[in-house]
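Provided herewith is a single structure, encoded as structure tokens, for subsequent inquiry.
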Amino acid sequence: MANMISRERLRRRLPALWYGTWLLRTVFVFVFIAAGAAVVAAPPPAPTGLTAKDHGWDKGTAVDLVWEYPGEAALDGGFFLISYAMDLEDDFRIAGQTLGYETVYTVNGLTPGVDYYFKVVAVNSALEESEAVVSEPVAGRLQWVDGSRIWFLITVMIFCGSVVYFIRHARKGRPLKVRKIAGLEAVDEAVGRATEMGRSVIFVPGIQDMNDIQTIAGINVLSRVAQIAAENSASLEVPTTRSLVMTTARETVQSAFLRAGRPEAYDENKINYITDEQFGYVAYLQGQMVREKPAACFYMGAFFAEALILAETGNSVGAIQVAGTAMPAQLPFFVASCDYTLIGEEFFAASAYLTGSPEELGSLKGQDVGKVLVAIGIVLGVVFATLASITGPEGLNLESYHFFQGFVDYLQGTVLH
Amino acid sequence: MKRNIPLLITAFSGLVLILAYFIPMTQSWGEVAAIWFDILASIAFILGGGNLIKLHARKMALRQAGWAYSAITLLAFALTLFIGLSKIGVSPNLQFPDMAWSGHYRESGAPFWWIYEYAFKPLTATTFSMLAFYIASAAFRAFRAKNLEAILLLGTAFIILLGRTFAGIILTSWLPDSLAGLRIENLTVEIMRVVNTAGSRAIMIGIALGVASTSLKVLLGVDRSYLGSGEE
Amino acid sequence: MDLDKINVILATDCGSTTTKAILIEKVDGQFRQTYRGEAPTTVEEPFADVTIGVVNAVTEIGELAGRRLVDEQGRIIRPASDGEGCDIYISTSSAGGGLQMMVAGVIKQMTAESAKRAALGAGAIVMDVIAANDPRKPHQQIQRIRELRPDMILVSGGVDGGTTTHVVQIAELIAPAKPRPRFGNEYKMPVIYAGNRDARPLIEKTFDESVDLKIVDNLRPVLEQENLGPARDMIHDVFLEHVMAHAPGYDKLITWTDAPIMPTPGAVGNILQAIADRDGINAVGVDIGGATTDVFSVFNGTFNRTVSANLGMSYSISNVCAEATMERVLKWVHLPMEDRELRNRVKNKMIRPTTIPQSLEALVFEQAVAREALRLAYKQHKEFATTLKGVQQQRTVGDTFSQRMSGLTIVDNMAMDLLVASGGVLSHAPRMAQTVAMLMDAFEPEGVTYLAKDSIFMMPHLGVLAQVHPDAAMEVFERDCLIYLGTCVAAKGVSKPGKPCFKYRLHGSGLDEAGEIRFGELKLIPFGPGQEAELELEPARGFDLGAGSGKRVQSKARGGTVGIVLDGRGRPLVLPEDPAQCRTLMGDWVKVLGLYADSDQ
Amino acid sequence: MYTFLKNLDRRWIFLLMFLAVAIPILFELQFPEHPTGLAQAVFDEIEALQPGDPVLLAFDYDPASEGELGPMATTFTYHCAKKGLKMYFMALWPVGAQMIDDNIAKVIKADFPELEYGKDYVNLGYKSGYEGVIKVIVTNLRGLYTTDSYGTSIDSIPMMEGVTDIRQMKLLVNVSAGYPGTTEWVQYAITPFSKDLRMVAGCTGITAPLLYPYIPNQLPGLLGAIKGAAEYEQLVMDAYGGEKVDQKYMKARQRMGPQLIAHLLIIGLIIVANILFFMEKRKGVVR
């Protein structure tokens, strides 16, 4: 695998190849000469007609170069070395190289609106450099639309469009179905247990801030948990690691209590900011769990290493635990230690499931469209890549190979860029 | 009003960030929005600190169970804050040798560094290390070969556990080179590279779509939970 | 009491309309039910003394048996001497609407549900459930308590060491409502407290002198476990002491009996539980009445009872048709019927509950309604008979993708071994095959299930007897109470009609048959009562007969008045959407089972 | 025995785990490492750079994960210093800045006294704002960074001259313990600017499986947990360590000892648990 990666890397990153294989090439040439079979080659002729043009549809960081080569139709075993500078006096910075038969190149990583000079040098297999050809100064222009992202834009629009479409669709009252999610059904049970046992309910909204979508999904579940806690007059505690999450949680719980018709029972002192420090927070929660022995624990949000520590502690004090996270690494831990676990998507579907509101359900349906898109892309890619490997390059039909491989390259290089 | 203004701000800044991605002209707007976010994010520290004091002061005032812990917390908080802010024991920056406060609060040997090095660091490392213990007890309890999925999982777990250590190498080094792919360390790599990656990608695609649609709901104002509740 | 010396047992069941008496005697060393008698119940005016009806019924038996059971003072003669009197007299009662209770708990799905289970198990009708997480407002709940006038209230809530505030909250709803009992304004409402032990002093403080507070062990000491026994016993005690004592004539009846009088359904549950315990089987019993349908079940030793108050064959027939929809009812009918006429028939049955079907159409229709009533009642039962809720689940990695919920039903048709039917429409069907068809269609038993019916509704009597003399009760139950109808063999799974469903082989008791049942097929093999045959079954792929999909099953088939029914119609049983198609299909089934007289088919 | 194990108090397991970790540490158990492809790729990636190439070293971890990530951060610093690369340190975790300081003190100040702060390496320190920071500095470094970690103005730091954004870096090296970390670097820096930027990373064992999908296009090399660190450490020390390697450059390999015993313990526990499970199953306790 080491070889595979480094070859892959070298192919992609040409300057590295240049430096990395310099030594090898030199040795090779020496051996060649020493063998006495050498013909002393003259330096290759210089490339001509170099034109530099701003690369279209981008953010102005790329310039396209085209040149001609008067020597042999191709520079056998050699390559072109491309470099650029802001001033002719400056050292030219190497941008990359092309193989001997390619006479086009796109320089990337330029500063928009700054004039650059570009230089192309032909290098033959004996590593002799030709005269250089230098272009007129050209600046990359900042464009309105980033062309390389056009496919991404299309995908985003299809996806967002379908979400919006299904939201509207659902608003018209067409019923949409959601599969039963055991973990959310269990909310009543867990809070009920806490009520019967006269213990508290602990809700942990993850350890991320409000900018994490998982925290938002967690807050959605909190709304439900709080409502049931209010109906049962159970004690609900929400310790948070971020002060913004605390304020949001307070608002959420308060309105849930209002909805349950028990606004007077709301106590904001039960929703607290503890500390931003991950393990400080864990220590606080562990202490609280061991002392108060909550009967129900909810872990809904983004979790890291603390997932297992919290869930195992909760498990050992006999709490019913329901977890939900989109952190794949923590899912196995939650599954092993919790009663119910909402896995990834289920967790995001929670708010749709709990509210049952058409908007929410519609967005779920929109997600399915996204999945179909992805599936189509995967199937197309796999089929064409397979066909390409069957037909060529040494295989059956070079023409169809080029077609298939071309499609795969387009998919990989342009669509998925 | 209380809801509409935040909704507008959300929708607007969300839109700007999206535009900035596709339209190079507006890239700098996106940067501005991100910088604003950073500034706002630091305000959260003040909010948090305030609540911390309130929470523990309340516990102490009401003499709730374990209020002594709260006292310790508050004391430690005040002490750290004071030492850090007043840069006690910090030598001044070489560029400004006359200004006592120009030094860096984290300077080694200074009291703040001391707190960090001898209190904070060992404490967090200890808490993290507890994972090892919990993993062992959870594995003992939950890893049961109950059905086919569990058996597969168990087999994979063994291979990975061994493959991540020298034991894997010893156990299967007798395999001839033609079967090198079956050596545990190579199996580990293949499992991670092929099986795990395929699975992770599937989960990631699902999650990414979930994130995208939730984000869209937030931008469109369908999901308002971040404002406190789903309903008006 | 020396059980060996008991030879003659007399038992009565005072129902709301009739008092039934049976006589059990030792014949050739075995207990047999020998005679029975009936008389109208006399709780209401003008007699207002239940014992009059009892004496009448007992006198009737005495005449039939040629044995004097009642003396000149109108009292039952005990103990038995030669040709006179009986050794034991026992009775059950459901007169005056039975035992009506209200229960309360903290969480509706947890302690309140356990309280409901305790009350139902004791044979009560649960009028309402009060809980802390009740969506009703407190004043609405208080209003409800005032209106209901139950016989007693069972309060539970909180595990031991759990919440006290919620329990007190509930008590504070009940206490100020000053509930009044159904009978007799002069006595105090009995309240049984079976909740958190820690809350007892607070409960005692909350309820003042106006109620009669009884305290028993918590019926849910921990969430993981129910302890219904003490609460159930206390309900029986209170039933005797308060409810019975205030019903006309019961004070006298109580002194006559050798065992406490039990509410009728409680006694039925008792005998079912006893038989399930003894044989280690899972059993389901059903009693379909005019207004209500009771379903009893014992699965893995856990007893459950539900009362479906609005499902019955006369007073509630209209509701059955509404709830199940007429369309669904008519799916079970193989004859063309006119909608309007049917509606009239339904209404007629409602206002004249005692009429019996006069025509074939009427009978077919009534049995179709019965199927739906039973089906709905069984569905309610399944929803109630669940594992306990609020229990911590221990998961392993194997459960990642199948996170089973708690609170799932424990009723498992595949595990059901015995299905016992009682109640007019089932036990008085003109042909036994009709009973079998109704049971199979409504309950959809899976695997191998024995079907039986209660011959003369003797289960209540035996239920009480089981407390005094279990062996006698069992013997009579097996020999005289249960009439075995036969064995139902049904495969779980669905396929296309005509595809193989399962192969069978029967041998023993003169029977040696083998063959294959195709999907959609129904087959009846006559096999007389008291006979047993080895049964070998080999389900096709996708079908389950108890050992898993496609796995062979070895079992025993039991003969009965109908025989062995091999059912390849699939489970769940799906009926065609098209009414005409459905009718043809029903016609086929009717023919196979010979449900109605040949000329009528 | 059966009943003892069946109702095993987890504190026994804790004790066993303690011993499994403590004994190898006390006896300094150590095993040779056989580098796998990913560690080799990380090594090659840095090897391919020329002296004086700018490298961004983002240390996004904290003392909690120091045990797992510290050795690889140390080795990264050592490797870059040996190669004579210009090192730009930064952190997205508040305590990450401390981790940088530790490594500077431990590696650069101790073993490379000739390297000069501001000319050969700079500590840009911590910035709050999670992935937002990446998003900004990938196009505009100075929008967020006006001073280094010690409050010195960026303009007065020689090696910051001409540095406008991090796309000018030849390589990003990220050591990450979670969020924000490698995933965010890949998503906000590498993916949108895949032509301009390359990156290698080291991460905790738990996040490694999540990063595999980025290999090899976005991430040519990845060091997973202490195992990856040990392999990389072996590679770097074989190449540059000379005869006698300082103890501080052997930390990863030293920590593989406890890992081996602990893993064996876990396997043992799982086997015992399953034997119990099947015994119970036979007894019919579990259905």
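Just so it is clear, A, B, C and D label the chains in written order, and each chain counts residues from 1 on its own.
Basically, contacts are C-beta pairs under 8 Å (C-beta built on N, C-alpha and C of every residue); 3 or more make two chains touch, one makes a residue touch a chain.
None of the values given here were measured: they were computed from a predicted structure.
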Name whichever of A-D and A-B has more C-beta pairs touching across its two chains. A-B
Could you grab the centroid distance between chain B and chain D? Build each centroid from C-alpha atoms only and quote it in angstrom. 15
So, in whole Å, the Cα centroid of chain C is separated from that of chain D by 68
Between chain A and chain D, the Cα-mean centres are separated in Å by 20
Got the chain B residues that touch at least 2 other chains? 21, 27, 37, 41, 124, 127-128, 135, 137, 139, 141-146, 154, 189, 193, 200, 204
Among all residues of chain C, those touching at least two other chains are 395-397, 399-400
In chain D, which residues are in touch with two or more of the other chains? 10, 36-38, 62, 64-65, 130, 209-210, 215
The chain pairs that touch are A-B, A-C, A-D, B-C, B-D
Which residues of chain B touch chain A in their complex? 18, 21-25, 27, 37, 41, 44-45, 47-48, 51-52, 55, 58, 65-66, 69, 123-124, 127-128, 130-131, 134-135, 137-139, 141-143, 189, 193, 200, 203-207, 209-218, 220, 222-223, 225-231
Which chain B residues qualify as touching chain D in the complex? 21, 27-28, 30-31, 34-35, 37-38, 41-42, 93, 95, 102, 104, 106, 108, 116, 120-122, 124-125, 127-129, 132-133, 135-137, 139-141, 143-146, 154, 157-158, 161-162, 164-167, 169, 185, 189, 192-193, 196-197, 200-201, 204
Would you tell me which residues of chain A are touching chain C in their complex? 182-183, 185-186, 188-190, 192-193, 195-199, 228, 231-233, 315, 318-321, 332, 335-341, 343
Residues of chain D touching chain B in the complex: 8, 10, 13-14, 16-18, 21, 31-32, 34, 36-38, 62-67, 95, 97-98, 101, 105, 127-130, 132-133, 135-136, 139-140, 143-144, 149-152, 156, 192, 205, 208-210, 212-213, 215, 224-225, 227, 256, 259-260, 262-267, 269-270, 272-274, 277-278
Chain A contact footprint on chain D (complex, rising order): 10, 35-38, 40-41, 44-45, 48, 50, 62, 64-65, 94, 130, 164, 167, 177-179, 194-196, 198, 204, 206-207, 209-210, 215-216, 220-221
